Amino acid sequence: MSKQYKITSWLLPALAAAAVFFLPTTQAMAQQSPPTGMPNLLAEVSPEMFTTNNLWVLLAGCLVFLMHLGFATLESGLTRSKNTVNILFKNTMIICIGLLMYALIGFNMMYPGEWLVNGWLGWGWGITRSGEDFLTSKYNEGYTWYTDFFFQAMFAATAATIVSGAVAERIKLFPFLIFTVLFVGISYNVTGSWKWGGGWLDELGFYDFAGSTIVHSVGGWGALIGAMLLGPRIGKYAADGTTQPIRGHSLPLATIGVLLLWFGWFGFNGGSVLSADPGAISLVLVTTSIAASAGGVTAALTSRYVSNKPDLSMVLNGILAGLVAITAGADQMAIWEAFVIGAFAGVIVVFSVLFFDKIRIDDPVGAISVHLVCGIWGTLAVGIFGDKGLYRGGDVAGSQLWWQIVGIVAIGVFTVILALIIFGVLKAMNKLRVNAEEEYDGLDLSEHDMASYPDFQQTWIKSYDTGEL
Amino acid sequence: MSKQYKITSWLLPALAAAAVFFLPTTQAMAQQSPPTGMPNLLAEVSPEMFTTNNLWVLLAGCLVFLMHLGFATLESGLTRSKNTVNILFKNTMIICIGLLMYALIGFNMMYPGEWLVNGWLGWGWGITRSGEDFLTSKYNEGYTWYTDFFFQAMFAATAATIVSGAVAERIKLFPFLIFTVLFVGISYNVTGSWKWGGGWLDELGFYDFAGSTIVHSVGGWGALIGAMLLGPRIGKYAADGTTQPIRGHSLPLATIGVLLLWFGWFGFNGGSVLSADPGAISLVLVTTSIAASAGGVTAALTSRYVSNKPDLSMVLNGILAGLVAITAGADQMAIWEAFVIGAFAGVIVVFSVLFFDKIRIDDPVGAISVHLVCGIWGTLAVGIFGDKGLYRGGDVAGSQLWWQIVGIVAIGVFTVILALIIFGVLKAMNKLRVNAEEEYDGLDLSEHDMASYPDFQQTWIKSYDTGEL
Amino acid sequence: MSKQYKITSWLLPALAAAAVFFLPTTQAMAQQSPPTGMPNLLAEVSPEMFTTNNLWVLLAGCLVFLMHLGFATLESGLTRSKNTVNILFKNTMIICIGLLMYALIGFNMMYPGEWLVNGWLGWGWGITRSGEDFLTSKYNEGYTWYTDFFFQAMFAATAATIVSGAVAERIKLFPFLIFTVLFVGISYNVTGSWKWGGGWLDELGFYDFAGSTIVHSVGGWGALIGAMLLGPRIGKYAADGTTQPIRGHSLPLATIGVLLLWFGWFGFNGGSVLSADPGAISLVLVTTSIAASAGGVTAALTSRYVSNKPDLSMVLNGILAGLVAITAGADQMAIWEAFVIGAFAGVIVVFSVLFFDKIRIDDPVGAISVHLVCGIWGTLAVGIFGDKGLYRGGDVAGSQLWWQIVGIVAIGVFTVILALIIFGVLKAMNKLRVNAEEEYDGLDLSEHDMASYPDFQQTWIKSYDTGEL
């Protein structure tokens, strides 16, 4: 009761504050005609080309949006049905909170018009623009300001979604939403600004095309810290040292999730070209597909060697591993390089899952192995394969691998510290994890008093029949 | 038996008639080369811009098509598994019947080349065009005639789908399909022509960008009348005045539905720009997303206050409420206005659901609250926020709110009367509602003799094992 | 054990070989700047038009990718839950293997730069291109080489997916994957090259716009041979001559599948225009939708006559039947012709399903009726309706129906022979079908030792609780 009361006592004022902050800078707009028209102020690109570029980046943003449905179905499919409502609730709220926080402060922190600390920390409120300003994005003349926001906002929320899977089945709802607000609202944007906002890592020569590090390993570090501080689910690791598998309740849901994520990744990577440049986007979609396919095949083979059976959940994770790994360099890999990067990701994801089980870090969906481990691998791969800095006129070639490592470590250290602070404070307040009885009953009952499949969960009938709306 | 016989005795002749009507006007085409090529007859827009505009409106139509999958999964997820086949059957047939009826007469009624009653009632058969005619749509030179039809046809079927949810779990199949034919074939198009067809409401200054009233409240009125005439499901309202919740059988299905609807709404609102104008479509996609997010968050908070728990089904309805509400003015709201419109919709949808339960109108999926109540709210909001008529050169500014009310009332009155006639006649013939035994067994058994999940519905095994193909 | 060991002993060397073959021809690329930029070498089309054409064909490829999710959900929905993991595993691996095989040899066999046997058999390794070569596709100057590959690769894998449904619930996993490698890697490409690669059928005047024959009947022939050689599932046909229906375990999954397939078909047919030509793509999307709708309605009516109830699974198959049938001529049919073609497909699919049950060929999902029978119907329809060869300057008009028959027979004979060889050899080695006990337990247990819905399959709990990762 008291826990839930706080959801409203904290969030409502925050939202009211949000409304206030949106307000002031938008007054100008309400008195103007709706912002339409061509960017005739841009001499470099024809109105037709601007329109097509803008359309593709918007569509790519729509595809990235669909990845949230992919995550929701994947994560609920790979966990037990007694926690399904909770997972769906979290994943749905992450999109809503993520988009609002990114509009409120995230976009301006990540792509700073002005830096508070030059190259390290940006700041700004709201996203409203009007008139001709509206037709210019921050970093590209190929699409509008709102297209820029739309595409980047859809990206932002994915970082928190990655964490969601690793902490599933035992984290309290409200603290997780607090974490989401801070992680999407602050942490993701600070580290993102270092590269994509033109900050210090960008200056050095670190390269991360669509976010193997900036999105996926950031989410993966959050997942690792969350899973460590929470501890494993009850029953996962027996006293005798053996691991008990806790099967996900619906492999159709999980498969829907992975194929939707692959589909959405065409927007994630393809849209990161930031234009509809035919050469670049067609190469990116092909390298993305080849890496995903290779990851799926090698994960199938590896899991067959390791566990003596063709494991569907490993194939699914192998596909995601290939996708995460190619993301850092999807725009500059040859076909064989995409194949090797994806194939290797499909192998290491299997051993990584085994490793984290061995050291007893319980990650219900394998998010740490997929997003952190393969995100690091993909980022390193940009220093091993591809152009290795040649795209920058050759001035950082040779040292590309070094700058990749610097980027991985810098972003990792910052993210780990922030996640440690957020999760640590919540844990110190004893608000991080549900108690054993709630965990046994399932979070759907304890946190929501709703059943995910009431017709098929007979033991629940009493509970939901007596509930009120 | 006799009921089902009539499906074929009525529909087959109707379809044969349809084929006849398609035929005559299409003879010209078959003797011509397939209609391709550029609209070089259009001087105002370059072939490149025409191609991009046309592509976006077609893609938007594809996204709206996907909303039908969203409705199908949402409605089946929020109802019991004993009625799932019936709901899927209805939702699948609605698309098929809707597209055919819209091709046969709907398109010409809604966008009349010729009016039967000027500004009030259009008429015409078929959609076939050939040669250069083919390259010109009715109201826009930015896409082809068939693109115009495709996008609008996908819209049309949504109105009947909205009704489907509210009357679920107790309406007979065949009468509902009759309703669909008349509602999509006639009612929707008459009221739609008043505004989007350039009729009398358009003359007056009524504004409804993408259909908060023209699509959603029209569906909502149909839902209200249907739910009222049918009466509540058995067991929903106890004699002692309390309400018994009847839980939907699969919250994963419902969540898939809402996120697919959100995804499809990018086409619903974005395509309503009727071009790929970068400024307009990027603004529309951002206002749409902000309103949906705000609705989700405020519905979560409100449901927490009201029912003491974070309610997933309310979050889902809150997102839809925000989407419905922003639809009337998505092209002219500032960011903060989109936030306020969506946030308020997320609050009122919760109280509306409670209200309709209090007055004992049983709406299994909350369609009336989402589409009617929030559709009205969104249409009114165009008179409160945004440009308030300034887009028309200012000549209706100040009175915009008044014309919004006129439009809501006029369209509501017509739709209510038509729905009362259709549902009323069916009820008078005692053909509207299944009997109590059929309702208890579930419509899957009584109407289809099929189980939705035969492996998990043990008591059904006898039934389906003895069935014939 | 030994069976599974061979997965790795065969596939791993094959993949290693694949990596080797990708390698040599790609060296040039790694030393170059990433391939971006406009095709200024193409004088016929402006950079803007090239960009839009390229974007549409890529997007269409993404939509076709999503059809694989459609097939995965449709096939698992229409079969029993004890075989669901197996079906999802197969469908996921088909995409991965299909894309890799098509990159390795398929693309060069189907669109041969050089023929081994002129007009009959092409050959070539890998897909890597760089520099200006990269900006030219094989058959169209409207998109890049990699776009060409991407779109065609997504097509290729569908042929094997069609087979997957018909052989479900009894075929061994590894032999099916062997079949997939050979079918997608060789068979599909040889017959495809005869028409789409500019081979002998193309010379003769055979027409198949988007693959009623080249994709769907090819998959259908494979399905027929597979189902025949495997024999029916245990319990399907009783000794007394009656047919026992074996119900699919989840009609929501099946419905999701069909609506996703319809959505994906907008890319399948629309992308086959091979440009964003407004006239052509808008006509194609409308004819596609009209035929699907007509097929759904007539299948509902026909199933009602035949089996006395409105059968959801027949409506779903009717929609697919309409889609398959319109595919051969979607670009040249008038609206009424699309209606007739789809409506007739919806009728024959029902009788075809009954027919194959009568002759005791067990096809769990109706793939033979949908893809083979309606694929043939759609290909013949091009000789009956539409332009009948007029698009070729009239020189084959009048004989169009004859060339359609030649194409259907030639491609059918080749595919049947190849499928007979592959499945025949596997059957002779006694490796085609699982044994009766495995079939009774379900392939999820025997082939994967995983449950698809462990929370709801109580009898399985022992099995999966004692499993290892």
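Going by the order they are written in, the chains are A, B and C; count residues from 1 in each one.
Convention: contacts are C-beta pairs under 8 Å (C-beta built on N, C-alpha and C of every residue); 3 or more make two chains touch, one makes a residue touch a chain.
As the structure is a computational prediction, the values presented were derived from the model and not from experiment.
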Chain copies touching (chain A, chain C) - same or different residues, decided at half shared: different
Chain A onto chain B, rotation angle from CA fit, given as a multiple of 5 degrees: 120
Inter-chain centre distance, chain A versus chain C - centres from mean C-alpha coordinates, in Å: 32
Residue list for chain B, restricted to those that touch at least two other chains: 48, 52, 55, 59, 250, 256, 453, 456
Chain C to chain B touching residues, read off their complex: 46, 48-49, 52-53, 55-56, 59, 63, 80-82, 243-245, 247-252, 255-256, 258-260, 262-263, 266, 270, 276-283, 285-286, 289-290, 292-294, 296-298, 300-301, 304-313, 315-316, 319, 331-332, 334-337, 339-340, 343, 353-354, 357, 385-387, 390-391, 453, 456
Interface residues, chain C side, partner chain A - complex: 1, 4, 7-8, 11-12, 15, 18-19, 22-23, 26, 29-30, 33-39, 47-48, 50-52, 54-55, 58-59, 61-62, 65-66, 68-69, 72-73, 76, 84-85, 88-89, 91-93, 95-97, 99-100, 103, 126-128, 134-135, 143-147, 149-150, 153, 173, 250, 253, 256, 447-456, 464-465, 467-469
